[in-house]
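The first chain written gets the first letter, and so on, giving A, B and C; residue counts start at 1 in each chain.
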Amino acid sequence: MKHLLSIDDLGRDGIEEMLSLAENFVEVTRRDIPKVPALRGKTVVSLFYEDSTRTRLSFETAAKRLSADTMSFTVASSSVKKGESLRDTVQTIEAMGVDAMVVRHSSAGAPHRVASWTDASVVNAGDGRHEHPTQALLDLLTLRTHRGPALDGLHVGIVGDVRHSRVAHSDVKAFHALGADITLVGPPTLMPESLEGWPARVVYDLDDVIGNLDVVYLLRIQLERQSEALFPSLREYTARYALTAARAKRLRPDALVMAPGPINRGVEIAAEVADGPASVITEQVANGVAVRMAVLWSLLGSGGSIV
Amino acid sequence: MKHLLSIDDLGRDGIEEMLSLAENFVEVTRRDIPKVPALRGKTVVSLFYEDSTRTRLSFETAAKRLSADTMSFTVASSSVKKGESLRDTVQTIEAMGVDAMVVRHSSAGAPHRVASWTDASVVNAGDGRHEHPTQALLDLLTLRTHRGPALDGLHVGIVGDVRHSRVAHSDVKAFHALGADITLVGPPTLMPESLEGWPARVVYDLDDVIGNLDVVYLLRIQLERQSEALFPSLREYTARYALTAARAKRLRPDALVMAPGPINRGVEIAAEVADGPASVITEQVANGVAVRMAVLWSLLGSGGSIV
Amino acid sequence: MKHLLSIDDLGRDGIEEMLSLAENFVEVTRRDIPKVPALRGKTVVSLFYEDSTRTRLSFETAAKRLSADTMSFTVASSSVKKGESLRDTVQTIEAMGVDAMVVRHSSAGAPHRVASWTDASVVNAGDGRHEHPTQALLDLLTLRTHRGPALDGLHVGIVGDVRHSRVAHSDVKAFHALGADITLVGPPTLMPESLEGWPARVVYDLDDVIGNLDVVYLLRIQLERQSEALFPSLREYTARYALTAARAKRLRPDALVMAPGPINRGVEIAAEVADGPASVITEQVANGVAVRMAVLWSLLGSGGSIV
């Protein structure tokens, strides 16, 4: 595998191999010195055209724990402001001797274009409304920790603005590939316009399914979307779709609460639910580092041992 | 010791131990390769909610000289802008596997709250008007270099906007703990509203004490404060409280001139005094790295050898 | 050699030694682990008062490949905003224990002033309209790769806003030192006011010389300059001075096309020429890292082996 652009690049077998590898790296991150020399001398650059400190830090932490060098290219202080094209930026950075580019961009497909222009490996760290494959992998790793490797028949509800969410897009593909059963929950204006390509059913009322879910996955409400006609008022949204303490009581005893973060406490999730025993939100963050170690090592490790 | 939040966490014995340790690190920083492997595999993150390149670089240099990995989280390009709470940011960063957080925040007490939310060690790198304990330690280390370990009876004048200064607050505690005698100097509007908790006397005229001081410590005038009613005009301030060349001539021959930086030449201090033989301002900066090495090593070093 | 402030610091012999050294580093950068321990324990800080991500990343990559630690000081988030003088910033950074400062500044001569204030080595990474010596060295290294070490008699055309260009200034000196023949090409308003100190001839029409050049060096058009009276309209400029596909056909078969980047496709150079076989633009970027390794190693390596 040369790039990780979409969860489709992996397939069920590829996903499962990556998760097993990530489990080895979870063990590495728990060591007293949580570092291996696997990628010494390799350089990983973050090429972020959208701000996302948490995703960038997660990738950079992963790279450093593999002993790679890291560089950070953010648009704010770059030649992009001087009118340089994405292609020229990519070729310039490649020429400096970079082994992998971690790309975040507001346009769907940008990482694919980057991959067509460079010999370096490219990891999609989120492109427009399209995909965010390492998020899907870290979500699966978190599920596996609690439910074991077989997710067949597990019932996952993904709640919120599915239509505009790259996380939902990658997660639905990945959960489906491993055999989970998926229900999308939200107002009609935030559901996919067509379910073609979405192996999932839709319900418009969270209360209709809340008692039947093994996992409630709460998408982040982009508060800036409220001005758009698609979006109900925040009060109306919270009333019908937030995981309030009252709704959380109706969850199965072993149900898990997940969110990609950053969360809006009191909006899509009540503070006491985010901090409660069913929540695995901070585990997701921790697993993000291990998953990204696995991805970078798969792309750049050239078959050496993890150690 | 788990955290360094206030100079009170140390006490006289703790301060003296930390200074002795820092003296060892001064020796390390003078080596041809000024680096020790003591914190290899540890990760230190700077969590800066206020800009302060000099303090951030000083901590990051200290961490790198101990072979720790460093990460920098600044608010400008972060999820804080997306409405994430301080607590969620802290828990997210902790989940990535961080060993220490160096926190600068405009609110007094923010580092204490951070410490209550995380298992990582927390160092207060300045919180509102409250404290800046590593500044006090580096100031003491600088004094020790020139005056030896016993500061009993040393007369220190702290000049300027004491009321709003976290540096003054930490320094008064630390100098007092080691037996120094402290005089606060400035216009009444910039002196503490009450001297309770300030083991110091106040004078309103620098010329009254200038000849009796062993140390003149010049707080930085925050030029943006001038619009506030508390503040005299700059001209008036400089006339009465600046360390001009004329006033510097009245200093004792062995008196030391200190400032936390960045200095305003021609405002609180004349350029020729800042660059003159009594000034130890750049020594303070150098000692800052050694003190921060000592602090990080004390919090994270788990008893290993320095070397 | 203590500093690299101007190409004049080197002379012909010095330039040739530096290029030979850089060729060794080109070999290092092609290794599987493109890293040598030569500067372990040294600290290189980038002190950038103008944004230039590509130059900064190139220097930082070079420093990391020599195993130096790097720090980045950019004005946007620094004490410069609090009114600190350049001199105080330099002395503060030096006091933290820095071995080299890489300085980019909008004022000609700023790196020279920095060098007068510090014991650290200073590299000029571009100062106003004055010089950019490492750009000239990487341009020469690129020429040598294609033409061998002897550039005597090679005919180089430098096209564009020569008058305001530090790249042109350093390149003309460096190319001339190695025996090349230089023609400056552009409208009279963008040519030097006097040719004194410019060992070059001037022509005002690119078509007059295009067939006689061994190298066409296209300076970047600063689009923001258009509002100035000196500058022709973009349309007029492109019509007369851009390297269009049609003009590129008139080049000698072995002519090389160079540019310092970032390029404006469709302005000073047509996209198909930038990507065409005569273009060595991305090679220039790659050589930039090797040249900067050579410069940093010469200033800080204290005669050890490269390995």
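Brief remarks follow.
In this section, a residue touches a chain if its C-beta (ideal position, glycine included) is under 8 Å from a C-beta of that chain, and two chains touch if they have at least 3 such contacts.
Values in this document were obtained by computation on a predicted structure and should not be read as measured data.
If you lay the C-alpha trace of chain A over that of chain B, the rotation comes to 120 degrees, to the nearest 5. The two sequence copies chain B and chain C touch through a face in which the numbers common to both fall below half of the numbers used overall.
Chain B and chain C have Cα centroids separated by 40 Å. Residues of chain C in contact with two or more other chains: none.
The residues of chain A lying in touch with chain B in their complex are 29, 31-35, 51-54, 57-58, 60-61, 64-65, 74, 76, 223, 261-265, 282-283, 285-286, 288-289. Within the complex formed with chain B, the chain C residues making contact are 40-41, 43, 69, 71, 73, 77-79, 81-85, 88-89, 91-97.
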